[in-house]
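Below you'll find a set of structures to go through.
Each of the next two complexes has chain A plus one other chain: chain B in the first, chain C in the second.
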Partner chain A sequence: MSSILMHAPALVIALPLLAAFITPVIGRFNRKAISWFVAFILGLTLLLTLLIARHILSNGSLIYVFGASEVGLTLPSGYTVPIRIIFHIDGMGIFMGLITAVVSFLAAVYSISFMEQHSGLEKYYTLLLLLATGMFGMEFTGDIFNFFVFLEIASIASVALIAFRSTLFDEPAEAGFKYMVVSSIAALMVLFAVGLFYGQYGVLNMATIAKVLQFTHLDKIALILLLTVLAMKAGSVPMHMWTPDAYSEAPAAITMVLVAASQASLYALFRVAFSLYNVTLNTLTVGWIIIILGVLSMFIGVTMAIIQKDIKRLMAYHAISQTGYMLLGVGVGLAVLANPVALEKFGIKAMEGGIFHIMNHAMYKGLLFLTAGALFYRTGTRDLNKMGGLAHNMFYTTIFFIIGAAAIAGIPPFNGFASKLIIYESVYQFNPLLSIIAMLVSILTLASFVKVFHSAFLGPKLEQYKSVQEVPKSMVVAMATLACIIVFFGLFPDLIVKYIVHPAVMALINQAQYTATILGGM
Partner chain B sequence: MNIGLLETGSGYWNALIWIIVTVVVGIAVLWLRSKGEEKYKKNTNQTKPFLSGNPEVSKEDSHVGASHIYWGFTEALKKYYEPLVKLHTGDINDYSGWIILMMAIIFIIVGVS
Partner chain C sequence: MIGNFPFVAVIILFGLGIYTLIYKKNLIKIAIGITLIENGANLFLITLGYRKGAVAPIYTQAPEGVKMVLPTPQALTLTSIVIGVATTALLLSLAMIIYKKYGTLNTDEIRRLRG
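And now, the complex of A and B:
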């Protein structure tokens, strides 16, 4: 193993973290260089993540023990439990890491032009780097207290970024405040759950907790706390109300990263349910709780989206709705986890659909938020009632919007269709009604995006937008990259499922493998 | 060769085949269209929209705004939408309340299961 690969898990965190503190220094000398520097750092992080992904997908999990004489030494001589902070990156962790790496890099590229006219760029980019650090940490760590720390880093950076455009106590500040309150509640509950584990078992390593967990009353309380607040952070109905506020007020590139940050919480929810508790809990009951949260999110999210007039609020409600699909797919997998026949027959496929949808959603919802940002950049409004005829002047943005909208509505041959099809077919075998609701939600999603397309892009040129031009190149490049990923995933979904999604699902299901990687044959 | 062939659990999906079929159907539709009637007079009443005999409004005034789209849908579902919209108060106290309420519900369900 090359030394770069050996230390890549630490470098993925260290690079953006160190760059976050170097950025203001660079800003003192050359304001314009900040954006390029951050894009370079996040590009480098993406390369490192790809390197880790290649290693994990061919050789299995990657372990990084901080402070040990060897990076893979989980149990020093004489110890029966891990005492150091360990990064434990398996198929699921790197799946999420890839999403974070792509999205944060493209956010930086998009921001080169999008944020050019804004003041306080050094703060903006420092916070973006810290947000990326927090998300990577949440996805890579194998230590539950360390997870709490990274959750806090991501949350605090997110709060500041949501309120970034605030001039006084206006809407972005209010949205940032609301996100701060709900994030604080989440962080407190996570910390409380960590305390319950540590108080009982005296360990913080997740694999070790999974090994010794007895599902006591305290473990049940920890599960309830984690399940609720992580579902809330993922934007699940009825705890979703912070989402439209935060997503609509944050700068467009940040909204795209916030979607991925919410998915990092969703990942943590799945990690807790599968890797930490697995069959020790009543999987059918907890699986149904996740399924019901998913169905509520799908339906209420999409019906609330249809009546919105603010383009980003509308898209935010769709983000809630799409999270429902992920909860549904993975919830079905959890519900049948203790039933090997059903798990083999449709449970694994349902999970593949749900997990594949996480990646697809990050790509097309990211693209849609960037197109909304492009419209705002040129028109200065998010109000769909004030838009119209923009397809005449913004050709590329229009094409990218069509691709994103078709993908989210589940129209073939785009990526959203592939993951939704897997969800429909596998969930149907569990409960046909759930599958029918999922299809109905897709139809409503299409209707909603037809509304956006008609309102913003179609119709004659409006007088006030006659001089509007296409957005600058860096914004087009970011959108084009996401559009290409969407088309590629749509044309070759088998490759993505086989090489990235299936290993992620198996890493979640196989708790014995998860614990054995850290604890060996104990 | 199975490039692009996705196993969905109950069947298969191949986007490449779908594209080929779409292109073939598209060509067939265009061919059928080319066989249609061409003898219409351009720039006469034959090519103008007919709006129940009323004069056509200018293109700038004919664009339907976002608020008016799906008016019938939302009007028909008024009883669903009114309470749903009311629940979205925008008040952070309510946001926190929903978290606590959900925690309590999940506590009861997991507790008794």
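And now, the complex of A and C:
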């Protein structure tokens, strides 16, 4: 047991990566077996992630050094430096890892039926596994160049998945091209920033860079580049143009994983701001920049969502809007980071709200995209004007949609309410106006989802959808799992905040501990 | 002074790439723009590891007492080149599919997704 735990960080990456290339081989013999095999592998990865989570939440950060047992290498001159690739998993990393594991596992379960009729399944599942690998790597790695590599793996896999249905429709290729351009620019700027760090300090390990960071002009340039491109990859306004296209054109299960992939970039943004720079930068200014990005995302996202007619496009704009909440919560925490009194009073609370919202958003937005996929699976359209009366035929999907919509609009007792309430309360003490905008956005979100519910599910039975039935079991199971998580988080938010979210927030705030776990042993 | 020329070249490559991305309408040219930025980043990394008069960092083959260039940036650049091939291939194949479906490579006409 302990030896599995010892190598679990490597296994979480290795398992999906190796399975990705075994999948086509299995596909040659038995086409049906692929989907079950992939679901099994991702389920195993989920178990491993839970194992790591249990270890980290009771014993603190986990470090895995590839190719050696020691973190550092002592040169003949007596200078010790970490040169190897290190996986450095702390409270925040495993928090994101759990989201990735749950979401990618459920995507595989959902795809068993959802993609059944589609050709080229082995390619689809290979890419899904690669995407999961890339996301895990981004979240677990402690090496900044390694982060770039995993970012590119995730980008390439997600682009290919967005464009996966380009044989059936025209638009997926267009959305894929757009996303590829955005993510290549983002990754190259990250690479350039890596070069700036390496040129100055000669190290690639994030904890070591954080320790020796001088905050020179070059560091400021690197900070601007990293913050901008990671906010772009996270889909924040005004760099959000790719989000609605990519989310709406990808298959529904993939859209759910893409949401988690954007959040992995968001995680990297927080990691750069908190663990790499922390109080060396002018936290008030950078905090306000992130807050303004957040407020813009919230407001513009939701106003654009209201006018949409395509159900997945509408939900994609809501995803932008919800990203704003996370940026707002964590931005407030960053703004008061240098002020211990305010940090204690409401800063930590605001960050808890923002970080908790990441997990909640992945769950309810995933559920909503899956219900949109279920509607598309049965009706063959995403146009809200063509749907109607589907509550008569699709009982479970309707229930799941109501749960997801109530959660995103922040109605108790669902999880969206729990995190939004924490954000409102704490942000109000920082600046009341921000809190009021956040509430207003929440109301507009509810309005928009009432519209979707009304036009898709209510009304008389339509002639063309007479024979529509409930979706197959695997899809129902995936949606039901997410719905259960949403209700559970909504009923016991204290438990989740205390045991999962709070350690994540403390891991971000406490930079000294982050550097000490790597450098302490030297 | 002359030692800074590679960095100037990096800036020029970045500038040209960003110019291409912003002002060119053809999908193939956009792919070229990304490749330019990528080459700029690779050149930047390689230049960081350069030492004047140093030899290749092959430990067993190096003569005694001679400086070696930094091996890490070269490893980074190699990785980045490999990744670059994958992104370029994906970009070009997507451009091909778009041309098949839309009959054009002009970004002004490939605008079905909007609003």
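Here is the rule we go by: the second predicted complex is superposed on the first by the 506 of 522 C-alpha atoms of A that agree within 3 Å, B and C clash if a C-alpha of one lies under 4 Å from a C-alpha of the other, contacts with A are read in each partner's own complex, and residues count from 1 in each chain.
In this text, a contact is a pair of C-beta atoms (placed from the backbone, for glycine too) under 8 Å apart; a residue touches a chain by one contact, two chains touch by 3 or more.
All of these numbers come straight from a predicted model, not from anything done at the bench.
The superposition on chain A brings chain B alongside chain C with room for both.
Once chain A of one complex is fitted onto chain A of the other, the partner contacts of A:90 are absent, as it touches neither chain B nor chain C.
In the superposed model, A:219 lies in contact with neither chain B nor chain C.
In the superposed model, more residues of chain A are touched by B than by the other of chain B and chain C. Once chain A of one complex is fitted onto chain A of the other, the partner contacts of A:145 are limited to chain C, with no touch recorded for chain B. Contacts of A:188 after superposition: chain C is touched, whereas chain B is not reached.
Residue contacts after overlaying the shared chain place A:491 against chain B, while chain C stays out of touching range. With both structures placed on the common chain, the touch criterion links A:245 to chain B and to chain C. In the superposed model, A:177 lies in contact with both chain B and chain C. Chain B and chain C never share a C-alpha pair closer than 5 Å once the two structures are laid over each other. Counting contacts as defined above, chain A residues 177-178, 181, 185, 245, 307 meet chain B in one complex and chain C in the other. Chain A contributes residues 83, 145, 148-149, 152, 155-156, 159-160, 163, 166, 170-171, 173-178, 180-181, 184-185, 187-188, 191-192, 194-195, 198-199, 204, 244-245, 248-249, 307-308, 313 to its touches with chain C in the complex.
On the side of chain C, the complex with chain A involves touching residues 21, 27, 30, 34, 37-38, 40-41, 44-45, 48, 72-73, 76, 79-80, 83, 86-87, 90-91, 94-95, 97-98, 101-102, 110, 112-113, 115.
Chain contact summary for the complex, chain B toward chain A: residues 2-11, 13, 15-16, 18-19, 59-60, 62-67, 69-70, 73-74, 77, 80-81, 84-85, 87-88, 90, 92, 94-96, 98-99, 101-103, 106-107, 109-111, 113. Those residues of chain A that touch chain B in the shared complex are 177-178, 181-182, 185, 189, 220-221, 223-225, 227-229, 231-232, 238-239, 241-242, 245, 281-282, 285-286, 289, 300, 303-304, 306-307, 309, 346, 349-350, 384-385, 387-389, 412-413, 417-418, 421-422, 425-426, 428-429, 447, 451-452, 454-455, 458-460, 462-463, 490-494, 497.
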